[in-house]
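In this document, chain identifiers A, B, C, D, E and F correspond to the written order of the chains, with residue numbering beginning at 1 in each.
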Amino acid sequence: MELTTVKLVTIIAEAVLEERLLHDLRQLGARGYTVGAVRGEGTRGVHASEWEGKSLRIETLVAPDVAERILQHLAATYFPHFAVIAYMADVQVVRGEKFRGKQ
Amino acid sequence: MELTTVKLVTIIAEAVLEERLLHDLRQLGARGYTVGAVRGEGTRGVHASEWEGKSLRIETLVAPDVAERILQHLAATYFPHFAVIAYMADVQVVRGEKFRGKQ
Amino acid sequence: MELTTVKLVTIIAEAVLEERLLHDLRQLGARGYTVGAVRGEGTRGVHASEWEGKSLRIETLVAPDVAERILQHLAATYFPHFAVIAYMADVQVVRGEKFRGKQ
Amino acid sequence: MAILELMQINLLSPMVLAFGLGIIATLVHSDLKLPDELYTTLSIYLLLAIGLKGGIALAQTSLAAFWAPALATLLLGLIIPLVAYAIARRIGKLSVADAAALAAHYGSVSAVTFAAAQTFLDTIGIRYEGFMPALVAILEVPAIVIALLIAQMAGGQQGGDWREAVRELLTSKSILLLVGGMVIGWLAGPRGGKEVAPLFVDLFKGALTFFLLELGMVAARRFRDLPTAGLFLLGFAIIMPIINGILGVWFGHLAGLSLGGSTILGVLAASASYIAAPAAVRIALPQANPGFYLTAALGITFPFNLALGLPLYYTLATWITGGA
Amino acid sequence: MAILELMQINLLSPMVLAFGLGIIATLVHSDLKLPDELYTTLSIYLLLAIGLKGGIALAQTSLAAFWAPALATLLLGLIIPLVAYAIARRIGKLSVADAAALAAHYGSVSAVTFAAAQTFLDTIGIRYEGFMPALVAILEVPAIVIALLIAQMAGGQQGGDWREAVRELLTSKSILLLVGGMVIGWLAGPRGGKEVAPLFVDLFKGALTFFLLELGMVAARRFRDLPTAGLFLLGFAIIMPIINGILGVWFGHLAGLSLGGSTILGVLAASASYIAAPAAVRIALPQANPGFYLTAALGITFPFNLALGLPLYYTLATWITGGA
Amino acid sequence: MAILELMQINLLSPMVLAFGLGIIATLVHSDLKLPDELYTTLSIYLLLAIGLKGGIALAQTSLAAFWAPALATLLLGLIIPLVAYAIARRIGKLSVADAAALAAHYGSVSAVTFAAAQTFLDTIGIRYEGFMPALVAILEVPAIVIALLIAQMAGGQQGGDWREAVRELLTSKSILLLVGGMVIGWLAGPRGGKEVAPLFVDLFKGALTFFLLELGMVAARRFRDLPTAGLFLLGFAIIMPIINGILGVWFGHLAGLSLGGSTILGVLAASASYIAAPAAVRIALPQANPGFYLTAALGITFPFNLALGLPLYYTLATWITGGA
């Protein structure tokens, strides 16, 4: 079996950002995403999502360059004012082209 | 503290497959699993789960050979017709035997 | 873009432990956490959470030494009697100091 | 009443208007989103309530009049999928799997359309037999099994497991709640029924209205697939229910059902399943395209039946039964 | 009424039948699954509604008759865990932790069994004191504390934190909603109560029926552990409630409760907690086996009390109180 | 009635008491937690029910009397945010973003406070115009847009997107359900309304009580930010509603509203939004501190209005309108 390594980018963000984040991901080259509902606490105090439902946990499997672009974009656009964190890691998948191909 | 490296296999799949996937995992040597509810979008269009509740996010900690077998099995059985993706990564645990022992 | 590697510790635990686990994490040096709802099965039989709602999936991004301390503490305190598992992995983040700084 | 007046009564009912509001919410990209858990809760409630009311009615009814409608319903469950499959293959040139999937959906039944039909008849003051929910249960499963068997024989099944699908069908929540509710209602009788009536009877129409709000949103999300669905599917999803509706009314009349009962059997025949059938088809015919059958059943046929079908089948029934 | 007739009335009530349907759903591996959130919502609703109704009744009742039943209930909360612990240790040869866990569960109380008892008495037309929900609150906590103290003294607690467990008990949602509901009902009185009656009174039996559907599924999942539970646990889970039921009826009669009130105190004593006790025991006695106490309380005692216990304790109460 | 008597009636209503129970639950760290999905479901239900009832009332009302109150409401939506912004900047020395955020919240409206006002007036037997829910819809959006425009002009917006925020406002679930519900109620009329009344009318006060239990818990979680909020915010969150309440009552009286109608317009003006405004502000003014505006609107103003404001604005209305 041929395994390929791609990047898994995980984003934790307040729920109001959902539409914009998913739009950004697609723009930056992600070809799919998976969203779960979470709650959490960080160094910032209250965030709007705290009382209005859950936060988002978004995962997207992408090529390494796309992953870097996503992290960079998030850091520039959302980190200053929104409760958003993001991290990435290497994972192995069976059919890499599904996640790495250009859109 | 003695740390062991095992494989974490993550599967995103439409909800109708739950029973069969968990059955397959046990058959292939997984000794436990954790399931969360997610939703998502990929390259395929609509999938049945879209309107009938959430999709599944299944995680299982297994030995490397079991992980490979799982990925291979999923690729052969479910990738063609079902909205299923899967990936694996290395993680460290304290008591490896819990996850790697034969069932 | 400067990327730093930090540890992502993931804990699956029965729901009754929530308050205590989060308290322990803060004590051991974690500066944030994210919690999702999951269900699962392992080698232990029934656990109390089985009928009383979901289990927890807790993620925390921390410095490597904190991660080790967390795993050690969990193994000593909760593994004997509670349905708890935990694992850790390396992930890359943009601003490492947010997760690694002392509290 | 004239059909236009019936149409107006139907279109201005809270439940149809709520369905329309759901469609609008999706079209304007509102952030309105009903929790999945609410959708699940309401669908469990509706199935249980339909069963309960039917069971209580059964407890007060002679069953002598039941066998003929039951047989007629079973026959509909055999005939409709065959007709639907033939049309989808011959005229629509669909693959075996896609044709069989459509046959399963249109042969089976939508419990919510049934509930809407009851509500519509209640509003215009037409009575119907108490055992109608039993006919829902009878019509739900056979057509799906027939359709899967057709696909099996025609070689359209790859990777699917039709035995598994049938086993899951028989224990599916819609059958379990419908039949279980009927047994509970029948055993508990009117006295027990009165105890739970504030929840299961008084709130029924309100809950149905709420549910249709959600279903409007779901149906509207199917609309975006309409362009790719093609003209055949559009025609099929409107003409097939009308054919089935006529068949259902006619069979009901032959089996001795009242005007109201014949109307409801027509609605049942005309309705397309969107709970039991999609789940079974997804398992047994994974290569059938869900964008196809879901769009037809949920995006076209359901709104059509809800908005126009109910008064139409009733009017047909007044003609066929001679208004009796 | 003869006990067989009472049994029949009880077994054919919608709530018991719904419980049976839940059991069947699990046994046939149906895909029926009530959302966790519905379960949580219904349990919050039931506790609040029980409290509210009790509080409104209290507002209209003289409290002079209250102290004796309250004291009797407190005594039951002290005696039952001691008896249960002794039986579990001596006859069952269980570990300290497992025996204390059982003592906590059987000494405490199940609010749903209480609600079912009220519904049963309403159906057969027997009246009971308005302050009964206050007795539920009084009986809930002490037995759990006693059991944890026993374990503490007998050295069965390792890694657990009984102080923490007691603190969480006193602020647990069941106590908060029950007592809070009573205070609201008492302060708002009949006028305020009438405003919320359509939700908290009229829908109560329907909601209870819905809840029991879910509880039937939960109980049936416990059945698979029955084989490993052993004969002692099976006997304990049936005989202990009967002993406690007789004690409860008798104490109630001595404290001056009516026939209906004594029946309910019997039911309370006989019932085993499955909300407050499991949570507290899990924290304070983590080495006790949940497969043990949950199977006993939820898999055996709850169905037994619901199906057979209610008419049984009522019949016992007619004997003990002389039918008064 | 004297204001003290009104206060007592209000404070002892089940809904205010439930709010208090929610506060206590949080303060004692109870494990009580209502599912998020229940909160969402109840808020959808309340908005839809408010709209439906208003629409049915509209169908029976002459609209001639409507334009003046509508205009008065629109004016309130323009004036209040300007006043609030000026006070927050001048006296409070807040940043542009924080001041504009407060202006958006206090200019807009809380539908639950509106529902509580209706319930309060029903209890004391005061009638009000049927079209009041339309005023809720009219008051909801303009103030938020004004506030965002102020911030835009004053340069307080960085990284936010106010056009996007306004687009989302107009399709937000509260507007959609309120206006949609009114249209449904208006089209379906009293006959259609009667069909869904058991759900949307009879259960309304009970559902509101349940919702306030949750809101009490949410509000109490805001309390912990009170110490850091500072004296200005505390004063603002109590004095601003009183000023706005007087304005609202007065405008209502000038526009020809009845005593009850003027009271409700006062309550609307006095109330601070905690659904539409926070979402819009979070998007358009991300640098405004949510700990600030949420604490003011939800932690101080909402409890103040609910507990003390309702009888206060009613008393003011009896003075201003001369009791007519």
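The definition used in the following text is that contacts are C-beta pairs under 8 Å (C-beta built on N, C-alpha and C of every residue); 3 or more make two chains touch, one makes a residue touch a chain.
What you see is a predicted model, and the numbers here were worked out from it, not measured in a lab.
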Common touching chains of chain B and chain A: C
For chain E, the least number of touch steps when starting out from chain B: 2
Chain whose average C-alpha position is farthest from chain A's own: E
Label of the chain whose CA centroid is most distant from the centroid of chain F: B
Chain copies touching (chain B, chain C) - same or different residues, decided at half shared: different
Chain C and chain F, separation of their C-alpha mean positions in angstrom: 40
Distance between the centres, which are taken as Cα means, of chain F and chain A, whole angstrom: 35
Centre-of-Cα separation between chain D and chain C, whole angstrom: 47
Numbers and ranges of chain A residues touching at least 2 other chains: 36-37, 89
Residues of chain F whose C-beta touches two or more other chains: 35-37, 40, 198, 202-203, 279
In contact (per the touch rule at the top): chain pairs: A-B, A-C, A-F, B-C, B-D, C-E, D-E, D-F, E-F
Chain D residues within the chain F interface of the complex: 12-14, 17-18, 21, 24-25, 28-38, 119, 123, 198, 202-203, 205-207, 209-210, 213
Touching residues on chain D, where the partner in the complex is chain E: 35-37, 40-41, 44-45, 48, 52, 168, 171-173, 176-177, 180, 183-184, 187-189, 192-193, 195-200, 202-203, 279
Sites on chain B touched by chain A in the complex: 10, 12, 36-43, 55, 57, 68, 71-72, 74-75, 79, 85-89
Footprint of chain B on chain A - complex, ascending: 1, 3, 6, 8, 31-37, 61, 89-95, 98
List of chain F residues in touch with chain A within their complex: 36, 39-40, 158-159, 218, 221-222, 225, 275, 278-279, 282-283, 286-287, 290-291, 294-295, 298
